[in-house]
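Both complexes shown next keep chain A, but they swap its partner, so chain B is in the first and chain C is in the second.
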Partner chain A sequence: METLLLSLAVVLAAGILPLLANRLFTPIKACYVVLTLLGCGWGIYSLWPLMQLSVPATYTVAWLHPFELRFSLDALSSFFLIPILCVCPLAVLYVFHYMDHKEERQRIGVHLFLFNVLVAAMAMVVLAGNMISFVLAWEMMSISSFFLVLHEYEEKATRKAGYIYLLFTQLGALCIFSGMGVGFAFTQVLDFSALAKLPETAKLWMFCLMLFGFGSKAGIFPIHIWLPYAHPAAPSNTSAVMSGVMIKMGIYGIARFYGLLEISSPLAGQIVLVFGMISGVLGVVYALGKQDIKKLLAYSSVENIGIILIGFGVGMIGAAEGNLPMAIFGFTGGLLHVLNHSIFKSLLFLGAGAVAKQAGTRKIDLLGGLMKRMPLTGKSFLTGSVAISGLPPFNGFVSEFLIYVGAFYGLQLGGVQYVFAMLAILAMALIGGLAAACFTRIVGIVFLGEPRTERTAATQESGWTMTLPLMLLACCCLVIGLWPEPFVQAAFRAYGVMQANLQLDPAQLLEITGKMALGARIFFVLFLAALVSRKLLYRDKVVDSGPTWGCGFTQGTVRIQYTGTSYALSMVEFFRPVVRLSAHYTGISKIFPANPSYETHVDDVAEQALNSGLVTPVQFVLSKLRWIQHGHIQLYIGYIIIAILIALLCI
Partner chain B sequence: MASFLSLLLALAAAPLYPGIILKVKAFFAGKKGPPLLIKYYTLWKLLQKGSVYSTSTTFVFKLGPVVSFAAAVLPLLFFPFAGNASLFSFHGDVVLMLYVMGMGRFFTVVAALDTASPFEGMGCAREVFFSTLAELTLFAILILFYRLSGSLSMSSFFSEGNTLTLAGASGALIVLVIVALFMVLLTENSRVPVDDPATHLELTMIHEVMILDHSGPDLALIELGAFYKLFFYAAFIIQLLCPFSLPLSLLNIIFFFILLALVYTAVGVIESIMARFKMNLVPKFILTSFVLGFFAVILTMGVLQ
Partner chain C sequence: MINFLEVILVLILLTVLLSLGSTRLVALVRIMALQGVLVSLTPLLLKGHGLASLGAVAFYVAMLAIKGVLIPAMLIRAVKSVSIQREIEPFVGYHASILMGLIFLLSAVFMTNSLHLSLPEGRALILICAVTTMATGLFLMLARKKAITQVIGYLMLENGIYLIGNALSQHHSLYIVEFGVLLDLLVAVMVMGIILTNINHAFDDVDTTLLGQLKD
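After this line comes the complex of A and B, so read on.
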């Protein structure tokens, strides 16, 4: 345990390096990358023996005596540490070529420092063993990520994004702390272990507060609004880690407190499941409607958080109803999806960052034909897209499959739970289909076809430190897809921590996973066989090349290609009641029309509802009170005196 | 042995059946029609040829036919032909089948987008939209089957003791399922009234337009994959229609392959007497199939409580 914390100290020290000595830009950056990689590698190395222990390892610091800091590591913590310690170093490696503007070296130094603070803080969130250390680590994580989002602070959109993010993250923290307050009020200790003794209603209230608080970090619909602002504004290494790893800390919080509270009512599971289904379906529908690659990926994160929560919801209902297979499959699938999503989502964000840097735009409809210009990025991005669509033989399928099986077990239940299980299956099916549509769109429009602008046509492949992490992550997607057993086992052990009082048997889980993996391998072999036979069929054949068949139209330009907007329009229109689709068309009025334009927007209903339902009324009320702030120092002193007087009189 | 034999027979015979559709259509039009083995001749002809690739395309375009072919073969390995145990099966294999077919679709679509043709993009947008809705129907049917049989594998749906046939106790529900499944068959295999494989205008096609630029052995792989996919759905419907309980497994297999012609004839009849729907009617058509499946699911709730 000490070695693990020491490795985090190495990561922090590596972060201080570019902060202090940013004059020697490139060598220091190289040192930073190497040291961080070493720190994370050492962390993984020291994690290994700890994972074999059956009792949680703990480490206590008696700091400020009443508030001791405690860190402990059990299977659930170590499961969440894997993405932190494996994905973050790849994002750090990516930085080497990604942030190469020497004139911005001071800003980059600060950025790199905060990045490592974020990594260490996330590890501490997962390791936290009591409320004080949890709160401390949580706030460190929120604040450092806030400054990371503000990297390009001179742009107005970035400042707005940072502000919205701060608002949501602090609102979430407020709920988490008040949830902990509920717990403290009953138990009178800051320790986690006493929470199981709470009365049932208090447990449910505390869980709902926690769900809201952690949900705002994880990005549950309708409190996901900060995601599509913060991710495009932040640099891509940050958005990869924020989307791939940091929002999972919200999921960790939900999982950890669900386990600690030992809730026995199925209501908690039903709430989680309903939010999961809403986030999943609406997340992917909005992703379909978005123009900006990183906004699209941010909404896709909302969708994947939805899938994870569907898994958790199914598991919670199963545990509450005593349907153990349902609980095991639901939770294991949800947890495994945490790992899977951290892999392919960071891959996609890093890929999108490479595209945005090399091609100079994030707008899907301006890109095209990048597969030829950035082959390595393109191939990894394609792999990530297939994986995130949940298609075999890649990793996304494994976790979605387990959730499906869990939900099908739920059909054995009667009454309301049956309806919930049925809706979970249908929601998963809908999400699966729409996700495939969404990612065929992004791959097809951005990487395939012909470039839509001259700037895009001149794009070149990025440096090796940017492509290597992408390829490594793409390999992980395939490896987990073909050999999922050890990963499923790790997820199952993590689930075992959450449900300490149930006797769980992984035999069935491992049997079905094994057979599913065999099916995926058979498909892979079939694919290879088809590939070889295609090679044989083309032996000694005339292979020619020519232009695409234009269906009789010979004067085509690249601008007649189908755009991403029109590709998604029919699907977005189908969801009309929950998705606002607005179009602005200037029309053609004269014989020689000057500049007609046509624009469509897909607006987020949650954001609009929040704006009209909460922000506008609050602003109206507050504008009436604006006279309090007038700028006269005499009157401010008067306020203070009056306040003191009232306080003296009352106490 | 019987399962291996029937699989080989299925792989070999799948291109025969679409010939029946053409014969039926010719009969309705009062023509003689192409020979029954026309699809074999077509495949053979395509395999002899080389290919022309568009200069816009990349390796993804060449991967499309390969993946979609592999994805069409896999479900047949898990399918219990004529009630014989399938070659592979496990709890949940139906989910794998549906997702593997999704994988095939993903690459067909991506390969089509690779050509930079506006028409192919249009076809892709329709394909992904309609198949998403069709997937909902299939999962509603799986929910019903799980409720009725307590299992989640193709092989145990149709093994002995289960009553997922018209003649079984829940035959009334199976009628709904068969109709819904037939509608999905028409959708997923791009038949009239969803798509018209014989049309001449690229603007109105779905599947055909996506494979416009493929030629030679690539096109042969795609065609063969399409035959297997249609065969899979047809076999699924036939399994629901008939329990296959003849004493000899060989007799069962022969009986099964004869009955299969029924589904193809039905497709041919529909193609002869109906025109293609307007595009905005297609989602309603597919949702109708979902409603049928969902209705059957709701009925089981009432029956079992």
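After this line comes the complex of A and C, so read on.
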């Protein structure tokens, strides 16, 4: 345990380096990358023996006398530590070529420092063993990520995104802390272990507060609004880690407190499942409608959080109803999806960052034909897209399939639970289909076809430190898809922590996983065989290639290509009641129209509701109170005196 | 036999009234220096206090130096650098201010008696003096326009707080708190000094009513 914490100290020390000595830009950046990689590697190395222990390892800092800091590591913590310690160093490696503007070296130094603070804080959130250390680590994580989002603070949009993020994250923290307050009110200790003794209604209240609080971090549907703002505004390495790893801390919180509270009512599972379904379906629908590649990926994160919550919801209903296979499959699938999503989402964000940096724009309708210009980025992005759509032989398929199996076990239950299980299956199917559509859209428009602008046509492949993490992550996707057994087992062990009082048997789980893995391997071998035979058969033939979408004509322009909007429009229109689609079309009146234009916007219904329902009335009331702020110091002091007098007289 | 404590308290009250009636800023700063010295001498004359240890000696010397020399010197420099001599057009006139000071004194007596605190002998007088000083400090901040007078009001408020601490504390183990307050004050005066030059730079005056223009 001590070595693990020491490795975090190494990560922090690596972060201080570029903060202090950013004058030597490139060498210090290289040192920073190497040291961070070493720190994270050491962390994984020290994690290995701890994972073999059957009792949780603990470490206590007692010098804050009444507020003892305690860190403990069990299977659930170590499962969430894997993405933190594996994905973050790759994002750090990516930074080396991604942030190469020497004139911004001070800002980059601060950014790198905060980045490592974020990594260490996330590890501490996962390790926290009592309320005080959890709260401390949680706030460190929120604040450092807020400053990371504000990297390009001169731009108004970035500042807006940063404040929206701060608002939501602090609102969430408020709910988490008040939830802990509910727990403390009953137990009178700051320790986690006493929470199981709460009365049943208090448990449910605490769980709902926690769900709301952690949900605002994770991006559950009505409170996901910060994601599509913060992710495009932040640099890509940050958005990769925030979307891939940090929002999983919300999921960790939900899983951890669900395990600690030992809720027996199925209501908690139903709530989680409903929110999961809403987030999943609406997340992917909004993703289909978005133009900005990083905004699209942010909504796709909402979708994947939805899938994870569907898994958890299915598992919670199964555990409450005593249907153990349902619980095992649901939770294991959900937890495995946490790991999988952290891999492919950070892959996609890093890829999107490479595209945005090299091509100079994030609008997908201005890109195109990048597969030929950025082959490595393009192929790994394609891998990530296939994986996130939940297709074999990649990792997304494994976790989504496990959740499906769990939901199908739920069909054995009668009554209301049957309906919920059925809805979960339907929602998963809908999400899978729409996600495939969404990612064929992004890959098709961005990487295939012909470049739509001259700037895009001049794009080149990015540096090796940017492509290497992408390829490594793509390999991870494939490895988990082909050999899922150890990962499924790790997820199962993590689930075992959440349900300590049940006897769980993984035999059935491993059997189904094994069959699935076999299928994936056969598929992959067949795919390779087809690839090799194609190479062999075409060996001596002359292959002629023309422009994409040329269709035999030579005069076609790039503008006749499908656009992202037209590809997705019919699907988005289907969801009209929940998706506000606004189109501006000037129309064609003459035979030779001068400048017709067509524009569509997809507006987030949750954001609009929040704006019209809460922000506007509050602003109206507050604007009536503006006279209090008149700017006269003397009267401000008068306010203080009045407040003191009232306090003295009344109290 | 002369009771030195009462003499000092009377002197403090006199400086309080004098500060309410003085128009010249340099004179006001000098009065504050005198008040600072008097206030830092008070604990020496209390029963149960005294020069018990080396730490206490160092504390009193530092206190005297900061309140009697350092802060007034900084304030005088600030007054010189912004080249203003007197406070004109206060919100409340000078005679009315002195009258207010007397009202504060009376209400402080009334308040202290109605509190029924069981204080050691002589401490009740300190409490009266302290409350008057605090109230006058707040009043100075309210009734004057120049930023320097605001700082002086703040200093006077702190003197009052220090006196209250003296009246209520039975031991002299509270140096840490008092020293913390002192450091706070020092930083506050420095910051105010910087702000003062900036206000002067921006508006060609140190009138705080002009700060209302900064509101958005």
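The working rule: the second predicted complex is superposed on the first by the 618 of 651 C-alpha atoms of A that agree within 3 Å, B and C clash if a C-alpha of one lies under 4 Å from a C-alpha of the other, contacts with A are read in each partner's own complex, and residues count from 1 in each chain.
Here is the rule we use: contacts are C-beta pairs under 8 Å (C-beta built on N, C-alpha and C of every residue); 3 or more make two chains touch, one makes a residue touch a chain.
Owing to the predicted nature of the structure, the values given are computational and were not obtained by experimental measurement.
In the superposed model, A:Ile637 lies in contact with chain C only, and not with chain B.
Once the two complexes are overlaid on the shared chain, A:Gln270 sits clear of chain B and of chain C alike. By the document's definition of touching, of the two partners only chain C reaches A:Gln629; chain B does not. Between chain B and chain C, more residues of chain A are touched by B.
Judged by the touch definition given at the top, the superposed model places A:Tyr567 against chain B, while chain C stays out of reach. Within the superposed three-chain model, A:Asn340 lies out of touch with both chain B and chain C [touch as defined at top].
In the superposition on chain A, A:Lys541 contacts chain B only, with no contact to chain C. Interface residues of chain A facing chain C in the complex, by the touch rule stated above, are 629-634, 637-638, 640-641. Across the complex, chain B meets chain A through its residues 47, 49-60, 62, 65-67, 69-71, 73-74, 77-78, 88, 90-93, 95-96, 99-100, 102-103, 105-106, 109-110, 112-122, 124-126, 128-129, 131-133, 135-136, 138-140, 142-143, 146-147, 150, 152, 202, 212-213, 216-218, 220-221, 283, 297, 301, 305. The touching residues of chain A, when paired with chain B in their complex, are 368-369, 371-372, 378, 382, 386, 389-392, 397, 400-401, 404-405, 408, 411-412, 414-415, 418, 422, 425-426, 428-430, 432-434, 436-437, 439-440, 443-445, 448-450, 512, 515-516, 518-520, 522-523, 526-527, 529-531, 534, 537-538, 541-551, 556, 558, 560-562, 566-571, 574. Those residues of chain C whose C-beta lies close enough to touch chain A in the complex are 91, 138, 141-145, 150, 208-209, 211-215.
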